[in-house]
Amino acid sequence: MTENMTGATALHMEPEAALSEGQEKYFGICQEKLGFVPNVLKAYGFNPVKLQAFMDMYNDLMLGDSGLSRLEREMIAVTVSSVNHCYYCLTAHGAAVRKLSGRPELGEQMAMNYRAAPLDPRHKAMLDFAHKLTADPAAMDEADRAALRHQGFSDRDIWDIASVASFFNMSNRMAAAVDMRPNDDYHAMAR
Amino acid sequence: MTENMTGATALHMEPEAALSEGQEKYFGICQEKLGFVPNVLKAYGFNPVKLQAFMDMYNDLMLGDSGLSRLEREMIAVTVSSVNHCYYCLTAHGAAVRKLSGRPELGEQMAMNYRAAPLDPRHKAMLDFAHKLTADPAAMDEADRAALRHQGFSDRDIWDIASVASFFNMSNRMAAAVDMRPNDDYHAMAR
Amino acid sequence: MTENMTGATALHMEPEAALSEGQEKYFGICQEKLGFVPNVLKAYGFNPVKLQAFMDMYNDLMLGDSGLSRLEREMIAVTVSSVNHCYYCLTAHGAAVRKLSGRPELGEQMAMNYRAAPLDPRHKAMLDFAHKLTADPAAMDEADRAALRHQGFSDRDIWDIASVASFFNMSNRMAAAVDMRPNDDYHAMAR
Amino acid sequence: MTENMTGATALHMEPEAALSEGQEKYFGICQEKLGFVPNVLKAYGFNPVKLQAFMDMYNDLMLGDSGLSRLEREMIAVTVSSVNHCYYCLTAHGAAVRKLSGRPELGEQMAMNYRAAPLDPRHKAMLDFAHKLTADPAAMDEADRAALRHQGFSDRDIWDIASVASFFNMSNRMAAAVDMRPNDDYHAMAR
Amino acid sequence: MTENMTGATALHMEPEAALSEGQEKYFGICQEKLGFVPNVLKAYGFNPVKLQAFMDMYNDLMLGDSGLSRLEREMIAVTVSSVNHCYYCLTAHGAAVRKLSGRPELGEQMAMNYRAAPLDPRHKAMLDFAHKLTADPAAMDEADRAALRHQGFSDRDIWDIASVASFFNMSNRMAAAVDMRPNDDYHAMAR
Amino acid sequence: MTENMTGATALHMEPEAALSEGQEKYFGICQEKLGFVPNVLKAYGFNPVKLQAFMDMYNDLMLGDSGLSRLEREMIAVTVSSVNHCYYCLTAHGAAVRKLSGRPELGEQMAMNYRAAPLDPRHKAMLDFAHKLTADPAAMDEADRAALRHQGFSDRDIWDIASVASFFNMSNRMAAAVDMRPNDDYHAMAR
């Protein structure tokens, strides 16, 4: 594992335990399907407990059951990461938006300024909520939730929009704090 | 569970599955030791998978092995929550700082303005890092990590400072987005 | 008086004249009623003219005739101090809100984020005005006054809301500039 | 008095009591010396107690004994008012800087951007302190006071710099909140 | 030309070529009509190609055909320069507003805070647009253009409002970057 | 020309005059070399005088003689556009950085957060200057110019860094104000 971590971040840490069998398998699937193991997983991999907690939360949020499509969740991820200017997440999740939407320019619009994208009112409201929650969380109030309900989002959807936006406010800061570096492979993906 | 959730947030959601046995037990321990189940757990409790992911990450970060003491981690939590003006986290974790330090005024200083506290240079650097990571994540760079190393923090410590600060940037926003309400019991704790 | 001032701020100044008889008496009443002389008075006490000007303005604003209750004025004081992260004023006036309202959690909500408090529309408008006047005074315009009138505030009430909010923008900065330290006694008050 | 107040602010208030003899006399002196009564005095004049408190604090701060010259105090006033974009105070105190310095361009530089003025290091430090105290009071700390001491300012001087800067953070907001309008006479003064 | 440039900025540069005949003539007209050559022209004058490009754009924008009057364009210029605290542009274009409007106080209001001016709804909308475009360009969207159309502005007018506001965001920064100094003559103009 | 402009911006304007012969030729060269005419040129094309002024300034700045390489000028352009979240300029000039550097990831780093790029101290200083000039122009002072000189930049280089950064603060706002849309062709370029 040591060499795997090399270059993933600016920190120098020794692995504290071996990856679990399930984690090794997961890394193998990444290698096979994507052609690489995402550096965020290598970065957390120095400690299998931390890695597992990260993977469990991430996989539930981004891949689990939700009234939001996978693309919608990735659009939120990238919009949040744009506010925070997070190089890692814009690179990795910008690629995901391009891939899931089949529209390279949509990935760019989310990464650069979601207001430049031709969004329907539902998606506009969803990203406005994520943007405000990122930029000025102290100012959130009932009117922000009402704006989502007005566009047909259920309270469960609001939970999911909030969860994804909040998660990337964590991930963006983790990446900034340790200088996490995205795999080069993302750059050419789905262009 | 439904009634447990009542009042924990502004969202109306039905429980989607029963809590696991381990979760029920954990809630029981909270009730016994604290006298109540923290509302954040009730809020996530509508979905046991989400609850488990939250608990796993939280417990590892705040209670797991670390070069940072539990009090130091709570000081970071409250400093971050002060920037974000998060009523839930300031209330719950402000109480934790008061309790763990035995100094009520320290909890207040972290919640109001950490610069008002009489901090040694090591804690000052730790909280400066957490503050900047919260307020201006895009501006983080090597100099910020160097400032921590200069105060004797290891790279593993930097990971932990970053992780705790990042986690509360998530939790603060989740609380703001759904109007999470702290249990009244926190207010009088360790005054 | 010299020893009285010790510890009230980070500045070292000699008293420039003796307190007036009225001021000595006022300090005595504080000691008797509160159990201590508020450090802000000790801090200004190095110069009786400055102390008197401060007391005259403060007492008129916070205790004088007004369409606003004493509690409402304290709510404004704490909301303003929250924006400015003023340790001194949040401590002293947070205690006042707890005491005057009999609701400890209201003091905490004002200090942490007034949007978390269950406010009626009148109080919401009052604190929105105070918040904006604090955070972005250049943007105030007729619409802000109209919002207060719409909630039934008279022009005299608007003057008072403005005066209290403005005063604490002064006091917060004075406290920050000289590192004014609140008396420990406030922390446990009215919890 | 009623007609005197007309036009001084956007609020409509009846005088609540007659001006004191001393206040009437003071207004007379203003009229004689300046050619007009400053609108801020007319605005406060609806209530002689409030007027007196304002005048006492203002006159002590701006005209009383201090290690700072009257010009230095006006320079601070205008620098603060520039951050807050206060039309009233920039107009009235910009005129004062022009008059006291005999350098019209200095008044303009303070009003527009103090960094454009050719300041010696002592004045630069004084205005940097006032600027930061205005724009980001929560971030003030010992280093800010040390920078003033390094330029030869005493702790008493620091109190005065802080007091003047803080006072105008109050006055700027009061003017913004009630739309206080400067007398036209200021515009042509000392050009 | 070398001596002409002396003092116009903080940079030391040699002229790279002689002014063109047309430029020499233009400078002569400035000298004759204004009594001086504006320092911005002297500053760009080190390179006649750069000077010409600047003059061509400036003269088209500020003097060319437009649905906006020259005064309206100057009002936009000063409002933008106020947000950016640009000493050069506030001085030079503040003078232009005073001169073109015949109302010294209007120049001051634009320079200090356009919200303090008694504007009709059309001018209010025009300056609100220019202000937002300056302070938060990323947030511009269709609603901002709609607000201008609602006040009777054509799309061509919107182009011109946008162009003038954008141009001064360039000029303000150029002036700040090189410490461009306005000619003293502006200060007394049209008072 | 009318159809050429269709879709370039959100404004509806008729061409006011025919393009000059030179402009038609320039558009032809674009079409031939790039495969398309950049939408910014189509947008300005409604008025040949405005188009010419824009082209003259742009071509001198980005292609003319300078101590800065074309790549360095594009790096500044993209860094500025990142602060302003300008979709048009990030798309068009991000492509230019990718192409001129032959390093796709450098284009992405400039667009997302220049602090994530492995820059030498000279380029770091250059982009720090451009970033501050964009985000906080009022705070620029001699120390900022000194930092560039310290890295070996001449005063003429400082002029050019300032000019390019200032120009894109204009272009970013123009694009935001009229919703200028980049040609799709940029997205796939030099990936």
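As written, the chains take the letters A, B, C, D, E and F, and residue 1 is the first residue of each chain.
One rule holds for everything that comes next: a residue touches a chain if its C-beta (ideal position, glycine included) is under 8 Å from a C-beta of that chain, and two chains touch if they have at least 3 such contacts.
The structure displayed is predicted, hence computed values, not measured ones.
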(request) Would you pick out the chains that touch chain B and also touch chain C? (result) A, D
(message) On the document's contact criterion, could you list the chains that touch chain D and likewise touch chain E?
(response) C, F
(message) If I compare contact pairs by residue number, which of B-F, D-E or A-C overlaps with B-C on over half of them?
(response) D-E
(request) Report back the single chain whose CA centre is most distant from the CA centre of chain D. (result) A
(request) If we define chain centres by averaging CA atoms, which chain lands farthest from chain F? Would you check? (result) C
(message) What's the distance between the Cα centroids of chain D and chain F, rounded to whole Å?
(response) 43
(request) List the centre-to-centre spacing of chain A and chain B in whole Å, with centres computed as mean CA coordinates. (result) 21
(message) How many angstrom lie between the centres of chain A and chain D, each centre taken as the mean Cα position?
(response) 50
(message) Give me the residue numbers in chain C that touch at least two other chains, ranges are fine.
(response) 85-86, 113, 138, 140-141, 179
(request) Just spell out which pairs of chains touch, all of them. (result) A-B, A-C, A-E, A-F, B-C, B-D, B-F, C-D, C-E, D-E, D-F, E-F
(message) Quick check: in the complex, which residue numbers of chain B touch chain A?
(response) 10-13, 46, 49-50, 52-54, 56-57, 60, 64, 84-86, 129, 133-134, 137-138, 140-142, 144-145, 155-156, 158-159, 161-163, 165-167, 169-174, 176-179
(message) Under the stated contact criterion, what part of chain C meets chain E in this complex?
(response) 138-141
(request) Could you pull out which chain A residues touch chain F in their complex? (result) 82, 85-88, 90-91, 104-105, 108-109, 111-113, 116, 179, 181, 184, 187-188, 191
(request) Enumerate the contact residues on chain D facing chain F in the complex. (result) 113, 115
